[in-house]
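Before we start, here is the structure in question, set down as structure tokens.
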Amino acid sequence: MSSATATEAESATERLTLVEGVREGLHTEMARDDRVMVLGEDVGKNGGVFRATEGLFEEFGEERVVDTPLAESGIVGSSIGLALSGMKPVAEMQFMGFAYPAFDQLVSHAARLRSRSHGQYTCPMVVRAPYGGGIRAPEHHSESKEAFFVHEPGLKVVVPSTPADAKGLLTAAIRDPDPVVFLEPKLIYRAFREAVPRGSHAVPLGEAAVRREGSDVSVFTWGAMTRPALIAAGNLAEEHGVDCEVVDVRTLSPLDVGTVVASFEKTGRAAVVHEAPKTAGVGAEIATTIQEEALCYQEAPIKRIAGFDAPVPLHALEDYYLPQAVRVQDGILETVGF
Amino acid sequence: MSSATATEAESATERLTLVEGVREGLHTEMARDDRVMVLGEDVGKNGGVFRATEGLFEEFGEERVVDTPLAESGIVGSSIGLALSGMKPVAEMQFMGFAYPAFDQLVSHAARLRSRSHGQYTCPMVVRAPYGGGIRAPEHHSESKEAFFVHEPGLKVVVPSTPADAKGLLTAAIRDPDPVVFLEPKLIYRAFREAVPRGSHAVPLGEAAVRREGSDVSVFTWGAMTRPALIAAGNLAEEHGVDCEVVDVRTLSPLDVGTVVASFEKTGRAAVVHEAPKTAGVGAEIATTIQEEALCYQEAPIKRIAGFDAPVPLHALEDYYLPQAVRVQDGILETVGF
Amino acid sequence: MSTHDDTDHRHSTGATQPDTEPIRVLDDDGHLLSSAEPPALSEAELLGMYADIKLARHFDQRAISLQRQGRIATYAPMTGQEGSQVATGHALDDEDWLFPTYRDHAAKYVHGAELGSLLTTLRGYREGYSDPAGVNLLPEYIPIATQVPHAMGMAWGQLLQGNDDTAVLCHLGDGATSEGDFHEGLNFAGVFDVPAVFVCNNNQWAISMPRERQTASETIAEKAHAYGIEGVRVDGMDPLAVYAVTRAAIKKAKAPTDDERRPTLIESVQYRYGAHTTADDPSVYRDEAESEAWRDRDPLDRLETYLHRTDVLDDEREATIEAQVEDEVAAAIETAEAAETSPERIVEHVYEETPDRLAEQLDELNALREKYGDDAFAEVLG
Amino acid sequence: MSTHDDTDHRHSTGATQPDTEPIRVLDDDGHLLSSAEPPALSEAELLGMYADIKLARHFDQRAISLQRQGRIATYAPMTGQEGSQVATGHALDDEDWLFPTYRDHAAKYVHGAELGSLLTTLRGYREGYSDPAGVNLLPEYIPIATQVPHAMGMAWGQLLQGNDDTAVLCHLGDGATSEGDFHEGLNFAGVFDVPAVFVCNNNQWAISMPRERQTASETIAEKAHAYGIEGVRVDGMDPLAVYAVTRAAIKKAKAPTDDERRPTLIESVQYRYGAHTTADDPSVYRDEAESEAWRDRDPLDRLETYLHRTDVLDDEREATIEAQVEDEVAAAIETAEAAETSPERIVEHVYEETPDRLAEQLDELNALREKYGDDAFAEVLG
């Protein structure tokens, strides 16, 4: 064992990418609770098309890391049955855009098993999916329709934006007594590393994180878009003396209304940044909530900086589709200059 | 022929219920264009579980009014193929809550055939579904998740609230070159009759209708909720001297931003009423659009009067779940009193 | 192109034909078939099955009339099908799990659900879902075929947790076989070889759609081959045959021999005598004469005849059972009509912990109830 | 319970076994099998098929290297499978419709797509979808199995419009057979008896999932029975056999005899030599030695041998074809690399008429491009 490794092993953290954080979250929980199992397409020997489940098959065996037939409704539907039986399934949808065949199982069943049975049965399960654009993937591979799941009561919806949160929120999701849709921003799967606590590490669901404090304008965002938001915030501070507060919403359902509203009450201005189409996206929910709760503080329209109301284009144009730092920056300036 | 019938036959209108308006729309378009066909579960001999397709099987035959196997993805998927082949399919989902198995076909394909093929192919089809609560139906039969479809670019989403609109908007939907999700408020399928033009009658998509002019507050709603909204408006005028403008949005996608914003600029206050869960519903989109376009006119928070963030309860409690006139009224008063 | 026409013929898999004759133990009149032996059931067990079928039939009549009187909501009748339901229920061990549809009232009852609870649910009270502890029974499924992957997953979970003594029985209709979830669930069941028995209650109709137009395959049982599992066809109006076939399938699911696979698809051939639900009028789409032939093979009549002929039943016992059945249903109706609910239920059990926003929505509602009274909520259309 | 164990055995439909041997015309070395006759193809047609397979193989190599150089995005190779693709393409009449997957480059080309367009799309330019008029070809399908109901509907539409001369060919993979849409589409095809041929390119793998774990049924062809349609298994690395079987299926689809049903499910047994896509590394999950046995039955080699032995092909003709193929692919690359696109494309063809809000979104983007320059849009992560 090299000395570097020895040091690392002793330290309380390790430097991981976001996708490694996911993997570590799975690993830690599987080691801790043998009811936790992983299932999906190519999650076993292949370790997942993004390597999120790498090594788990070898370590936990084919009964707990299961390659399934190619059928998303079957995956989510059988996970519901597994959850009923006492297991804690973590199902992977290979890409968020391929979760739609399982939509009925998610909204009609996973979300409602508890309420349908008047609390007799519960459905503790996680449905993970790589999500969002920006990696030059083929058609249908760049969806970010978190709003579909946020609109369904009974589901929780979580999007991590950092390696530590990927591990910590996934841990909390696995331990949660209710079904969680866990969307992983694949654009930043490997974009950077940060120190992630070793061993058990849970970050509570339902709490937004203020990534940058500021006083002039609040930027609400999540997932991969936290990056351009922070870049824009940096530029705006330097170039325009605008002090942005950047709030990583993290849990989209249930929404941390307290943190969102508190930030807005401080700044009186806001932008929401998301990749999904603007119309009827989660940005609308956040803006509406703010005007419901804090209209008296509002000094400018809340700006939505979002994907087009169009399908994500083929990869040659996707950088024009996604909110770029430049769009975020310009949008914030519009808000500030109102 | 009785004299009453003779008179009716001569007049330019006939008094129909909403579901009869739907049926008349189908009938007129099928008679006019033999590419129009109807397919779905129990739409043939049985005439549909709500009788919306009654008599069509007898008149147009089993090739144009087709009972399909029990498979919603198959119905929508084969309709896409039919549309590609030159037919104009009108597919019925027996209830909106049973459209979820077809969700992938709707959002990944119907919505995108035109854009995926760079305009080479189009998908002119209508997917009809009875929707909403209030009729004491069993579990899963009372869904009103229009927001799911509004968030998907490429789809149009239409909800009629009157018999004449049911016929007219359905006619326009059938003639539309793009896929339309046509949601029929079954609570008011037979609630009242009104004069509906005979023969060809199209009401353009994309245009909201002001059902009651008013100057104090705008109420935006659609479908079955137009009734409690109008009742509330009447009561408020009488009892509180509050003059409501009631706007029936009718086409939820694309939204008639012009009419919505113009109404708000006049009143400066608004409520949105819908049955669907409040969070991430279409109410959020309307409220956000208003604050984007007309913040300077805004005198009070836009009030959402909506379903609970919970599944629709079994029928014994559904009247507490749905926005009632009393809730609408109280909500409007809150807005006005802000 | 003459060659491959020949080749086609030789190699096409289109030629194989499954045996389509359903398994029977009793003939149409309730006489033991010479080719069959009755299943090994004690007199008490046979009488129990008989009493349950009697109860199911009586319950069905009462429920239909309660619906007509507006005392319960839409109801899906089961007359003609209750023999099969009761038999599958009796084939289960207590620890087995049952996944029922909206029509499987009798199967649920046999597996431990209380009649009063069933009726409470039909009144629209979620409180009806309160099965006694240890009753392994899901709420009835309305979205067609969606229970199939759940049942598969539940069975898989038993296997993974080493519960060799627990199997899963999943009911579905003939219409359900057209849904993607049927396919995906059965394919998973075959691949993971789970202890699940899928009983397709082929009652010849899916609302107005006759079985022949639901699928072009000759039988439903043969669909099992597409999943590498066993398919069996049974006379669904012969309770003894259904019992035998289901019991064998449950046993095989738990302890297959080396060359057996655990899952089975049972096609139970039966007929829906009545309407699809109380909201349906079958005279619009089917010739009621068709049902006559099926009524001649009525499961209750056949079992009754058999039990009389084998001296398990006599008129006195029959009368006692009849009286018990009526009492039990009457008591259940009383229980259900005494049940109460409250708008608070809307926000309960959505999550383990009710989110603030949802709690606030309830507060808003309660404030309005306080202010305007519950009468103001009576009718949406005012 | 001895009785129904017997009964089970007698009546169970589990006993039927389809013939699983795939149809072949050529042996592994490209010799005509004594039992077979070659399909009635002219020399020109045979040479055309050969040239197309050559082109497909060359295209595949070039596309893989273009991807490595970053000149196109993720690419799904087809080497080993192009014989079957080309053969099914040749089996179509011009008016027939083709529903391809992301791997069916060669089938598309044979049916009329331009190579330059295929590559333009792979560059991420929607402009690549501009097939010449009259080429009845859908854009490739990525969401697995979703094309199956579309193909069914397209075929149904032909029938409803009285187009007796038009059939539909739908490609899908072995993995696709697990999806609900496969089931629903094939069941509809059986019920409505439409002129559709479904070709399952069973290349033994769905990314890392081997065929045996995809489904417990012995063959894919036998799944056809569940839908009351014909299932055929063919050696997918024998282009002549695939041609013969597909051509017969297309003819039957258009003009079935009285006892035939129009739809066919063809299982074309083949092997994916390479990676699933250029983003995949098969050495992680499969033993590359496995492919050797398959490579011994290479479709190009076999056809080449056959054509040489029957004097349809000689070395000179081979060299000419080789040169033509290289020129054609090189020209296509040039065409694709000359293609241009523009951000305006994002909002085009979402609807026939672009909604105001979407038009405004484009205006906003264009204003930003004007203000900050296109370079500012180069990287989302700055």
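As written, the chains take the letters A, B, C and D, and residue 1 is the first residue of each chain.
As a working rule, a contact is a pair of C-beta atoms (placed from the backbone, for glycine too) under 8 Å apart; a residue touches a chain by one contact, two chains touch by 3 or more.
None of the values given here were measured: they were computed from a predicted structure.
A.B. asks: Identify the chain pair joined by the greatest number of C-beta pairs in contact.
C.D. replies: C-D
A.B. asks: With centres defined as the mean of C-alpha atoms, identify the chain lying farthest from chain B.
C.D. replies: If we average the C-alpha coordinates per chain, D ends up farthest from chain B.
A.B. asks: Rounded to a whole Å, what is the gap between the Cα centroids of chain A and chain B?
C.D. replies: 33
A.B. asks: Just the number, please: Cα centre separation of chain C and chain D in whole Å.
C.D. replies: Whole-Å distance between the two chain centres: 42.
A.B. asks: Taking the mean of the C-alpha atoms as each chain's centre, how many Å separate chain B from chain C?
C.D. replies: Each chain reduced to its C-alpha mean, chain B and chain C end up 35 Å apart.
A.B. asks: Two or more other chains in contact with one residue: find those residues in chain D.
C.D. replies: 126, 143, 178-181, 183-184, 187, 191, 213-215, 350, 355, 357-358
A.B. asks: Hey, what residues on chain A touch two or more of the other chains?
C.D. replies: 69, 71, 73-74, 97, 100-101, 104, 108, 115-116, 139-140, 153-154, 255, 279, 308-311
A.B. asks: Name, in rising order, each residue of chain D that touches chain C in their complex.
C.D. replies: For this pair, the touching residues of chain D are 1-5, 7-8, 10-23, 25, 35-40, 178-184, 187, 190-191, 193, 213-219, 221-233, 241, 244-245, 247-248, 251, 261.
A.B. asks: Can you check the complex and tell me which residues of chain D touch chain A?
C.D. replies: Against chain A, the touching part of chain D is residues 73-74, 102, 121, 123-126, 142-144, 175-176, 178-181, 206-209, 213-215, 279-280, 284-285, 341, 343, 345-347, 350, 355, 357-358, 361-362, 365, 368, 371-372, 376-382.
A.B. asks: Once bound in the complex, which stretches of chain B touch chain C?
C.D. replies: Those residues of chain B that touch chain C are 41-42, 44-47, 49, 67, 69-74, 97-98, 100-101, 134, 136-141, 187-188, 191, 224, 227-228, 231, 278-279, 308-311, 313-327, 330.
A.B. asks: If we count contacts the way the header does, which residues on chain A are in touch with chain B in the complex?
C.D. replies: Within the complex, chain A touches chain B at residues 73, 97, 100-101, 103-104, 107-108, 111-112, 115-116, 139-140, 145, 147-148, 150-154, 253, 255, 276-277, 279-285, 287-288, 291-293, 295, 298, 300-304, 308-311.
A.B. asks: Going by the contact rule set out above, which residues of chain D touch chain B in the complex?
C.D. replies: My answer: residues 126-131, 138-139, 143, 146, 148-158, 160-161, 180-181, 183-185, 187-188, 191, 348-352, 355-358.
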